Amino acid sequence: MSGVVVQNIERADRRVVGELAGFGVATVHEAQGRKGLLAPRLRPIFPGARIAGAAVTVSAPPGDNWMLHVAIELLQEGDILVLAPTSACEDGYFGDLLATSAMARGCRGLVIDAGVRDVRDLTQMGFPVWSKAISAQGTVKATLGSVNVPVVCGEALVRPGDVIVADDDGVCVVAREEAESVAVSARAREAAEEDKRKRLAAGELGLDIYKMRDRLKEMGLKYV
Amino acid sequence: MSGVVVQNIERADRRVVGELAGFGVATVHEAQGRKGLLAPRLRPIFPGARIAGAAVTVSAPPGDNWMLHVAIELLQEGDILVLAPTSACEDGYFGDLLATSAMARGCRGLVIDAGVRDVRDLTQMGFPVWSKAISAQGTVKATLGSVNVPVVCGEALVRPGDVIVADDDGVCVVAREEAESVAVSARAREAAEEDKRKRLAAGELGLDIYKMRDRLKEMGLKYV
Amino acid sequence: MSGVVVQNIERADRRVVGELAGFGVATVHEAQGRKGLLAPRLRPIFPGARIAGAAVTVSAPPGDNWMLHVAIELLQEGDILVLAPTSACEDGYFGDLLATSAMARGCRGLVIDAGVRDVRDLTQMGFPVWSKAISAQGTVKATLGSVNVPVVCGEALVRPGDVIVADDDGVCVVAREEAESVAVSARAREAAEEDKRKRLAAGELGLDIYKMRDRLKEMGLKYV
Amino acid sequence: MSGVVVQNIERADRRVVGELAGFGVATVHEAQGRKGLLAPRLRPIFPGARIAGAAVTVSAPPGDNWMLHVAIELLQEGDILVLAPTSACEDGYFGDLLATSAMARGCRGLVIDAGVRDVRDLTQMGFPVWSKAISAQGTVKATLGSVNVPVVCGEALVRPGDVIVADDDGVCVVAREEAESVAVSARAREAAEEDKRKRLAAGELGLDIYKMRDRLKEMGLKYV
Amino acid sequence: MSGVVVQNIERADRRVVGELAGFGVATVHEAQGRKGLLAPRLRPIFPGARIAGAAVTVSAPPGDNWMLHVAIELLQEGDILVLAPTSACEDGYFGDLLATSAMARGCRGLVIDAGVRDVRDLTQMGFPVWSKAISAQGTVKATLGSVNVPVVCGEALVRPGDVIVADDDGVCVVAREEAESVAVSARAREAAEEDKRKRLAAGELGLDIYKMRDRLKEMGLKYV
Amino acid sequence: MSGVVVQNIERADRRVVGELAGFGVATVHEAQGRKGLLAPRLRPIFPGARIAGAAVTVSAPPGDNWMLHVAIELLQEGDILVLAPTSACEDGYFGDLLATSAMARGCRGLVIDAGVRDVRDLTQMGFPVWSKAISAQGTVKATLGSVNVPVVCGEALVRPGDVIVADDDGVCVVAREEAESVAVSARAREAAEEDKRKRLAAGELGLDIYKMRDRLKEMGLKYV
């Protein structure tokens, strides 16, 4: 299956992608029925970034970042690079030179189930990365992988063009076809939360707001 | 054992709790004879917080945060929520809505041997959390646990009302009955350290201050 | 082998050490042929530090920091402490008192394949540490180890006097005898990177700059 | 997405499945281009089993095995249960009662990215399991999951009806549509290996059999 | 707290202990309400052992097994040694000499949240051990710990005299005071399971035996 | 540093190597002063093997086993292959074909800080392996490494020709120059242990045999 580069992929509507970025990962994940979350081992290299974009996917051999160069040519404004190694690896596949190149093509960030390096430079450049590790261990360019094929990254299936949402809570993938409807649910969810937030801040209890007392009693909860 | 909520617990004296917060985890841990430290996998979601308070404990099933709602009703000014899942879990049990509710009741923070989410919001709200993971993975409300029963959290026994001390070094539990005497020891310890800090800063060696040279020689240390 | 303290070690030239600090870990690691990187589990306790210095090595039993006191006496201006436990351990071997003492003797930082504590104080003091863990768990002073013997730290061999380079990407060791030639390579490497950075920022592709297209085709890469 | 049970799934040809079992995981994995391997954390509970069968997939909440009961009704002779929790969990979802039930319906084994229990009984019954953990921690039946939907198990995508091959080396998934062609490749591969095995056993070197010497020299390998 | 040896402890009734051994860990754990399971990282060094006995507990510093010698003197026929290090450690605290000594005093096995060595000898002697690791790394005898104090071992609280049950599924602790009632529940549970096992083996479904279909429908499960 | 093959290495005396095999890892490790143990993550793929031999070392890129073919040509009767990847990797570098080839040249086993596959075949062939993982994930042959250079394997330094001792307790390395003296110490140690074993089996206590009571009292141990 290696050695394939898919050049044209469909991307979700930009407006929807922008809206999903605003909701953040926790809300989007809930809004789509608690699916699509990448494993929590993927952590941001600096706090505060909150992005969304279309996935340009890379399947790469362990310790080999050749396909990143291939993928960068295919990037469009607003895309997010998503790299999954074909077996577990923490090497630093990506550093400031690749980030410079990716940013020049409009890339918004990188999600990588492996390592990244030059994190001081990446932080100064404001290029956000969610990675499994930080490691100065370089990679080679000797073996083919693939670009824009479906990958399993952080234990979630990511297809090229799917929407990636990432913030301090982690990374979530939304199927391209579902992006619109997830945004609708997220909007509704956020409106409902706003009301609850106020009531909770005023001292009302979740037990009452969500009417949990009867069900808890029925289940057998005993106060002593 | 599940399904029990203990409503009234004894708490340590507030003055003592406040003093323990000031000493910080490393000093308190030493002062009580190197016991009570929670496992170092519990890390703060943002740096700089240093708190102490009475533990309101929650024993919860994996992936189920129902009991947190029950626990919040029992919180008093200055308490700290302590959640231990009944088996290992990294799901995000707690987010900004629960934090809003807990803060409204005077809660000082959360110690959780599982995951937390909405960390950007929690950081902005200044609500400190020490957790095993950050994860947007939500939880359900389907199975009972217990509140204010003894729990093993981060591999340490925490009983309701025990004093929790937490800062950038981690989390320590002090038995309620021992809080006073631990504070006394910590005070003595800090005074002694202050003197040593000055001597060390002036270039004196620990080898001399602690009179280690003879014992090292006796043990057979060889300088070559 | 335990119980040996080597008092006099050779150190690399200060000018070279200073230059290596400026290049940072990723560049130095590449410049010496991708060897000498310590395991990525060693992470800085605060971001932004970038140091280099001669290694004063400590081999210590698990949970016993006695030898650190012995090592501090041997520190010279610009040295870096490197501690490897004789078996895996996450205890907090080092805190603000030891840091005060080490700084008084000109020490630039600590690399430790174990735990560290008082990280808030260390951060305020500006004393950088790269460690496997942060833990308030104290240590004893009961068993001998050795100072200034070769150690395996973070899965890399570090000999006393070798150059340690450390920054946000991790820690790298350079053999004392090779420091000069590694600096030469790193200088050349950085000059070359500067040119590439400009071309990439202008939108040129790595595929073209590194002339990869032919080789990729030859290897069988298929664009679809 | 939860709460869906797909009753009818297509399964690969039985003859092909049987042949794949005979080849074993390493050969099948190579024969399909090094894809489809489940993470090596999935280990057999006893050595020596080598099976293949059609996947009946289960997506289950952490600590909740309700859906296994639903899945068992859908099992056909020769099927293999594949369970992926919706977030990481090591609880014992499956024990001797469920195994009795599954065996009664012709199930050949279980692949589970979570825990299993009653392993002594399972071993005596000869019911093979590949799991992430062995744990007596029981589960509840409180929340819905889904059956026969695509799941990511052990970091690989498994669709209902895909062929699972499992032995002491681990677990591999073969897409149902590719099973036939993978079997053809595996057959060819094994024939070629048999010849090489004899030559290697006679003392011939891989360097010569695979004609590697020239390429190694060209790459710059130096014998000293 | 270190440096304390409690010489006389109460032990559960021998007959009850024997009965609990027969039920095994999974049944006992269920019978006492899913509490008391030690973390699944504690694995048997050889398969097939199934024991129960009174806990003689040891709290030991990392890398120091001195207290095991103290504890052995306190062993009575049928006891089980339970060792918890005061901070995480994988050193080999226990080998064939200590096992010889423990067996001479009637000890039935060891549960240790650390490492063990001489496993070939221990296997030949038939002395079962549940440990976190196997490691030849020896320990010292330099620092005090305690014997027969409550310990947290494998993330569960074990008090001296509590009943330890261990088999291939792991290790469970039963409070001494509850041993009798847990045995009663386990007996009832096993009887009920026997009946279900027969019905399941005959092809009846758990869905019907446990009458789950209505509740699943009510929860919204959809068959498609 | 990559790309170097050292053809001639010195090996320890065969008689001494044979004797070290007989002592086993725990005894050899103690006899040489508790140094040289490889990390306990290296586990045997089947129980019961106990070997010693001269190390033929391989430094290999992640996911690339090319250098194993180069190393096999250099094997002599009684050697043991030792492979360390240049960064962490669990791929299956070695399987039954390589084992066939290695055995044809007299190789006694493999120690690999990475993965191995075909473990059923290797077990049947009686070719022992100590590895970090079992994984069917194959490797490529695209990038050079080195053979017979010093490597850090399992966090210990192994130089070509050093003696490797391996059994169910793990793996230990003995410097070639020290093999003779370590054997002498191990012999003495075993003789002493034999006597102690008898006394302990007869019910004498370690507390008395090792005369620990006075020192324990002096340290402050309190019996209550």
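Each chain carries a letter (A, B, C, D, E and F) given by its place in the written order, and its residues are counted from 1.
The criterion applied here is as follows: a contact is a pair of C-beta atoms (placed from the backbone, for glycine too) under 8 Å apart; a residue touches a chain by one contact, two chains touch by 3 or more.
Everything numeric in this text was worked out from a predicted model, so none of it was measured.
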| item | value |
| --- | --- |
| Partner chains shared by subunit B and subunit E (touch criterion as defined above) | C, D |
| Comparison of C-E and A-C by number of C-beta pairs in contact, larger one | A-C |
| Pair in A-F, A-D or D-F that repeats B-E, with over half of contact pairs matching by residue number | A-D |
| Intercentroid distance (Cα basis), subunit F paired with subunit C, Å | 28 |
| Centre-of-Cα separation between subunit E and subunit D, whole angstrom | 31 |
| Interface hub residues of subunit C, defined as touching at least two other chains | 34, 37, 86-88, 90, 135, 137 |
| Chain pairs in mutual contact under the definition given at the outset | A-B, A-C, A-D, A-F, B-C, B-D, B-E, C-E, C-F, D-E, D-F, E-F |
| Residue ranges of subunit D touching subunit B (in the complex, touch as defined) | 61-64, 86-91, 135, 137, 140, 142-143 |
| Subunit A partner contacts - residues on subunit D that touch it in the complex | 1-2, 33-35, 37, 39, 86-88, 150, 152, 155-157 |
| Subunit F contact footprint on subunit E (complex, rising order) | 3-7, 66, 69-70, 72-73, 90, 92, 95-98, 100-101, 103-105, 115, 117-120, 123, 133-138, 141, 144 |
| In the complex, subunit C residues that touch subunit A | 24-26, 29-30, 34, 37, 40, 43, 47-48, 50, 167-170, 172, 193, 196-197, 200-203, 205-207, 210, 212, 216, 219-224 |
